[in-house]
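Here the chain labels run A, B, C and D in written order, and each chain numbers its own residues starting at 1.
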Amino acid sequence: MKYENGKVTELKIAYIGGGSRGWAWGLMSDLALCDKISGTVYLYDIDKQAAYDNEKIGNSISKIDSNYGNFKYVAADTYELALTNADFVVISILPGTFDEMESDVHTPEKYGIYQPVGDTTGIGGVFRALRALPMFFEFAEKIKEFCPKAFVINYTNPMALCVAALYKAFPEIKCFGCCHEVFHTQDFLCRIVANELGIEKPKRNDIKVNIVGTNHFTWLTKAYYNDIDLFPIYESFCKKQARKNEDDSNQDVICNGGGVFTDGQRVKMDLFLKFGYIAAAGDRHLVEFCPPNWYLKDPATVAAWKYALTSVKWRKEELRGRLARKDRLLSGEEEMKIVLTGEEGVNQICALLGLNDFITNVNLPNYGQIPNLPLGAIVETNARFCAGGITPVFAGNVPTTIKPLVDRNVDVQRMILDACWERDLDKAFIAFITDTQNTLTLHESRELFDEMVKNTKEYLKEFF
Amino acid sequence: MKYENGKVTELKIAYIGGGSRGWAWGLMSDLALCDKISGTVYLYDIDKQAAYDNEKIGNSISKIDSNYGNFKYVAADTYELALTNADFVVISILPGTFDEMESDVHTPEKYGIYQPVGDTTGIGGVFRALRALPMFFEFAEKIKEFCPKAFVINYTNPMALCVAALYKAFPEIKCFGCCHEVFHTQDFLCRIVANELGIEKPKRNDIKVNIVGTNHFTWLTKAYYNDIDLFPIYESFCKKQARKNEDDSNQDVICNGGGVFTDGQRVKMDLFLKFGYIAAAGDRHLVEFCPPNWYLKDPATVAAWKYALTSVKWRKEELRGRLARKDRLLSGEEEMKIVLTGEEGVNQICALLGLNDFITNVNLPNYGQIPNLPLGAIVETNARFCAGGITPVFAGNVPTTIKPLVDRNVDVQRMILDACWERDLDKAFIAFITDTQNTLTLHESRELFDEMVKNTKEYLKEFF
Amino acid sequence: MKYENGKVTELKIAYIGGGSRGWAWGLMSDLALCDKISGTVYLYDIDKQAAYDNEKIGNSISKIDSNYGNFKYVAADTYELALTNADFVVISILPGTFDEMESDVHTPEKYGIYQPVGDTTGIGGVFRALRALPMFFEFAEKIKEFCPKAFVINYTNPMALCVAALYKAFPEIKCFGCCHEVFHTQDFLCRIVANELGIEKPKRNDIKVNIVGTNHFTWLTKAYYNDIDLFPIYESFCKKQARKNEDDSNQDVICNGGGVFTDGQRVKMDLFLKFGYIAAAGDRHLVEFCPPNWYLKDPATVAAWKYALTSVKWRKEELRGRLARKDRLLSGEEEMKIVLTGEEGVNQICALLGLNDFITNVNLPNYGQIPNLPLGAIVETNARFCAGGITPVFAGNVPTTIKPLVDRNVDVQRMILDACWERDLDKAFIAFITDTQNTLTLHESRELFDEMVKNTKEYLKEFF
Amino acid sequence: MKYENGKVTELKIAYIGGGSRGWAWGLMSDLALCDKISGTVYLYDIDKQAAYDNEKIGNSISKIDSNYGNFKYVAADTYELALTNADFVVISILPGTFDEMESDVHTPEKYGIYQPVGDTTGIGGVFRALRALPMFFEFAEKIKEFCPKAFVINYTNPMALCVAALYKAFPEIKCFGCCHEVFHTQDFLCRIVANELGIEKPKRNDIKVNIVGTNHFTWLTKAYYNDIDLFPIYESFCKKQARKNEDDSNQDVICNGGGVFTDGQRVKMDLFLKFGYIAAAGDRHLVEFCPPNWYLKDPATVAAWKYALTSVKWRKEELRGRLARKDRLLSGEEEMKIVLTGEEGVNQICALLGLNDFITNVNLPNYGQIPNLPLGAIVETNARFCAGGITPVFAGNVPTTIKPLVDRNVDVQRMILDACWERDLDKAFIAFITDTQNTLTLHESRELFDEMVKNTKEYLKEFF
């Protein structure tokens, strides 16, 4: 890495999960559009062919525009090759395959347990963690061995637990976890500001927020646009929408998305009217942290709250689409579209290189930024990115009324972390029966747990 | 109060709820049997006649045996009379009547929610707290006014919240809360020790324990008899009983109690086999802190786990018996039986007067004795009683696996405390829907909450 | 206050100590140069004539350039007039007069105790605090009464104790304390960067630092220029200068200031070579926090370390110069010079109004930003200023080797705060004999303390 | 180890420093007088002959009285032999010889620094720690290897640092440090109680105290005899004695000791009159924690405060006496006197074996028993000893006025611990110049430090 004239060259970025069709392509695009940094991205993946494919795709970008040639892509067969002296490590993997995810999400449905996402918390989150964490312990050990001073950005879910696993196995790691859910909520606030104040839609960064919570269950305890406190505006908006809901008419179009991922924000707004703080994640995530009978009792309830249960069948289909696109990209039939993704990874890299100085939300160990959560738990708050590293901004307490739901999540995550560290399925079972989403009897829990272990045993070998 | 020759005379004890037929009579008995202290007990009760009746009953004790004349009893019509310069204050009241308790315990049954006790946590605990806490704020203010240096012993449930309310309204109060549930568990361990080691049943005090938790959900993280670690003995005993359960044969008789209050210890032993720590309260209490489908799904599940759902109908009948006894005691038809109750109140009084120095479990604000629970939360641990006051003994962390269940309780209690302090029924509703025992939809919760408010509105006037 | 088109109008700023000739004029200048805000500044001072003079001087600025007419100045005879509905309160006062300060600084010299500043810590700091804090308790009560939601900026020394007093008397106050010492150290680093790297001198804001400590004894635990870690550069620079010192030749000119305030940075560099962290305040301040025999044994030692003992005689003369200037300004003989002072007050005001978003160092209660200092102690760290308020940035622990010196200061300050709150001169005496700078016998301490009380008794009436 | 009929047999105790002539003989005596335990004591010493001598002396005790034959003594040449499966480890060593101690105590006198003890804190304490701590790291490693579950009792000074070193090298060690200074203060209170109340002198254990602080600088924040608060009695006594001091007449005889160790309690009483809390250690220790000019400026000041500067010359002579006694004991010319020493080691052993249950003061890591001192620092408070282990009793905060002096000690100790762990003499030098007792210039400090390193270099090899 060299610093010259306000630019950094010869940067080395290692990408674990570098065969991905999604995050990897997005990163390629964001890197191509950043004229301040250049270097090489090493792509490591257990699916080696995927990494080689992405090497080709990545290197093809420079042909679109020679300005895009700032980064070279190299598939790396070994951790050593990928990580040695890396300046940054990006981790974005799928723990297991969509077959395992199908077990995570859909097996519990036989017992009446529905999960709109199933990758963070709840029944599915427990099992996904059991597969992921042993891998993350290994990543941490390799990073410790080959590039202990690298900054490590994790995008993998279950976010908080993956980051926790990295710190558990290598406490000095300089890791943080990134997620865009808060951004989407800021964007929702922008739409509301525009609508309610009759002004042009502001930019997301102009919405200043204070954030507390744990990934996918983050809460805004303050939100300002310029000097305008957005809480009264949001309150009146939520009340108006709630009345529209009661009339069974549609909500305003600014609440609507569409398809498998988007939601009508009804849960988010209902949570505001109950708790007085702005839940800042997609409704599909938020409901997984609440008592299941609030919003997730059954498909009818889900439909009434206007959000989707994302099926793994859909994910598999969508993957088929991405694989087809990969083929077209490789053959040259299609050209990568180079546009900003809206993710902040590249901005963060620039800031940590001293090229920028800004504040955004990330997942970090709690050093006291949220005083009423346990020290060391992975929490999501604002943090400052600049030369010298990442420092969390003091966020204050989780509000008293929300704390029971956050604590349950933090406590169960801690148990899962221990269970994975100790390779202890009995402890994992206690986490399983204690999770908010588990409404089964002890007997049913045992049956379901055993079935899910069986379904995914290929990826649980370390526990036996 | 005067100290002479190892005895204390002219002690003034104020008893709030002094018209009680139960605790009050027990205290009279224990006081009569203590030859180190003497003085006067002032009985205050909103049911003034009950206080006058107990004055008579208390003063009749000296006729049984002149040695029992160490304490005089005086019914006090006002706080001022009862409390002025009191050395000790005992609080043991029923918040509302059994009619309100009937609403607490049985109204939720319409929605499939069962409660074996319903006075500590869960749906019933929330409503009992709403009635009790405004009274306890008043008690604290009166104590602050008339006897700020008195030691205050609370026996009222919800224990932790009543103690919390006293500290909230008068932070310098010297209050602690007493409960005998841990004693019963120590006694169960004595029976096991005798049975398993083939020795004479030890005395309860010879079982040395470390205690963490919150009232009625206390856990022993250590238990010794002499130098013998009781955990392996308890483990083998629990496993043996579990096998007997599976065979559908009966458990050993040492587990059995009988009737409305006692239980077969099955829950307690199952919790040990899951968590590896000794739950130290009656099974009827313990189940109210666990996810409801574990042990409390429906009456059949309750029956299978061999504990009782104590009905308020039974309580009302039992009260009729006590009222009849009161009449007999007043008329002289029956004579008070003077025997030790096994409660430790009088021993504690003696120790605080410098006549003793011992360690027992009590409910106190968390000053750090349980590092992983919030400071200020009312927790149950060991404490030293001696001249100079009560000091908690360091208890250590709540074990990771148990923490989610304890946290939920502590968090919801905090919300109820705030709701009562602020007289805010909306906040009480959030506590209500967040409680572990509440499995209803938001709509059902609203219906049930409103009905229970209506049922008990006589005692909730301050909230309107 | 009104927000329109990215500007804020009708702002109300109250200035306590508004008759000042120094800070007040600087603020007028900075306000005149800020085109984003406009409004009125209310000047309150116990020296009413001084406030009226400044009203005139302030209002004369618009005559220099009509663009400078954005703020009007009004002398306010009462707190009520000055504070009612103020958006911001600026506090910059002299506690007592320079006669009292003469006692603070020079009376201890009879006992061989020298003080280069004497307004923050040490013997002089104790007495200045005894005069100042009762006033600050009053300010806090008035702010609570008339403008509880205002942001309050304190510039008065002893900084940490004045801010602590405001929070003690009104815990919800939105107050922070500002000091430019860190800026000067950043500027010193800029000079070193330019010198050592052979580049143009960077701007102060381009030096990214992490700050821990207490006002005037702040330490940089990280310092970066772009991606360049400045610690090795600073180390080699300090070693080079240390060798030059030994050769008795002069240090490099970039270290030199001149006159009563500036210093040769020798103490600062010696501290770096001992502790490995960058002390970030003037040497005159730093030495007052170290054991006195390190750098402050006697005037010869002071001379050897190339910093000055600022005499109060000099301050009095300098004041005479400012008073003469005031007369010239009032008469129109001289015109105010409108230039940026380099202070950040106006930038901070803008940011808190939502017009900016930046990070700088301020004095705030410790919410956990420095985990190894007591919660609530006033500490100096980075903080974010933006719409919604000030939030400290996590700063990390005070390094182990520096902690004894910081703790002594924090502990003695706490004692002084208590002594002032309780108006307890006995407690103040304990603080006095415990202060790092006090090397006297108990007998001498008593003599000196009594003499200094007598010298300043006019301002200590509340203690009798 | 076997437990039978309320007695423990086959106990294994390892004694590191088992060649001692003092503590070892005292322990032999106390063990002989305890009829509840029996077993073997393994004596390990780097002076092997001393261990063999003590083996003989120990085994000779049974000849005095056959009841005294409960313990056998075996000199052990290796750690392995001494420690393997030990139930208890006692550590009581002299770090270096009295020649090194002479350097510790008397070399600083050349610079006007006097030390009455010089083994805990101050200049002497720093150097004693530099010699001792590497040994204690080794002890901890050996204990971890051979008897990780043993209870470890340390009697060696510097107490807090030796215990800290054991925990640093083996965090799971079950170690506590014992000291009798608090006992002596309790005894002083007993004499005062008898004198002032005109009653028979109470037993030490009847004085109930709350203790906070660090070893040799412990403070009683409460003291009761029965229900009598001793603070007002102590206050009136101290005032009376202070008046007698002023009249230059003698203090009451109950204050007096005599000879090299004892003191007239004047410092202790003066500290009470200043701080309002009872300092609970000998005056010779207390003065070493206060600013040196308070009580320790020079020999005349020492004389005025009526305590002694214990010279190492005296210690050497006294050792000669003990060596002569050893010869007489070995030859049979003299017989060991079997009397209780007043130390609590054997009682503690019994309690930890489940034979007792009591509370006394010990040195333990801070788990929160003193909330305003750092977690993990070795603090002295009450703790409960019973089956299952030692648990600290909550002690509360160090009072605000005393905290600066305690913090300085705790902070400097932490630095010394780090310096020893890292074998870093530069860090040790920072501790040396930061210590309360060091009043030298930086130049003098360097000279003295270097000289003391040279004097004791034989024992500092690991630092080079």
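Keep this in mind: a contact is a pair of C-beta atoms (placed from the backbone, for glycine too) under 8 Å apart; a residue touches a chain by one contact, two chains touch by 3 or more.
Please read these numbers as outputs of a predicted model, since none were measured by experiment.
S.K.: Moving step by step between touching chains, how few steps can get you from chain B to chain C?
M.R.: 2
S.K.: From the centre of chain D, which other chain's Cα mean sits the farthest off?
M.R.: Using the mean of the C-alpha atoms as each chain's centre, the farthest one from chain D is A.
S.K.: So what's the Cα centroid distance for chain A and chain B, whole Å?
M.R.: Computed from C-alpha means, the inter-chain centre distance equals 45 Å.
S.K.: Need the CA-centroid distance for the pair chain A / chain D, whole Å please.
M.R.: From the centre of chain A to the centre of chain D is 55 Å.
S.K.: By residue number and range, which residues of chain D touch two or more other chains?
M.R.: none
S.K.: Quick one: do these chains touch in a line, a ring, a star, all-to-all (complete), or other?
M.R.: ring
S.K.: Kindly provide every pair of chains that touch.
M.R.: A-B, A-C, B-D, C-D
S.K.: Residue numbers of chain D touching chain B in their complex, please.
M.R.: Within the complex, chain D contacts chain B at residues 1, 3, 6, 8, 208-210, 222-229, 353-355, 357, 359, 367-369, 371, 382, 384, 386-389, 391-396.
S.K.: Help me check something: in the complex, which residues belonging to chain A touch chain B?
M.R.: Against chain B, the touching part of chain A is residues 274-275, 291, 293-294, 297, 301, 372, 374, 400-401, 403-405, 407-408, 411-412, 414-415, 418, 427, 430, 433-434, 438-442.
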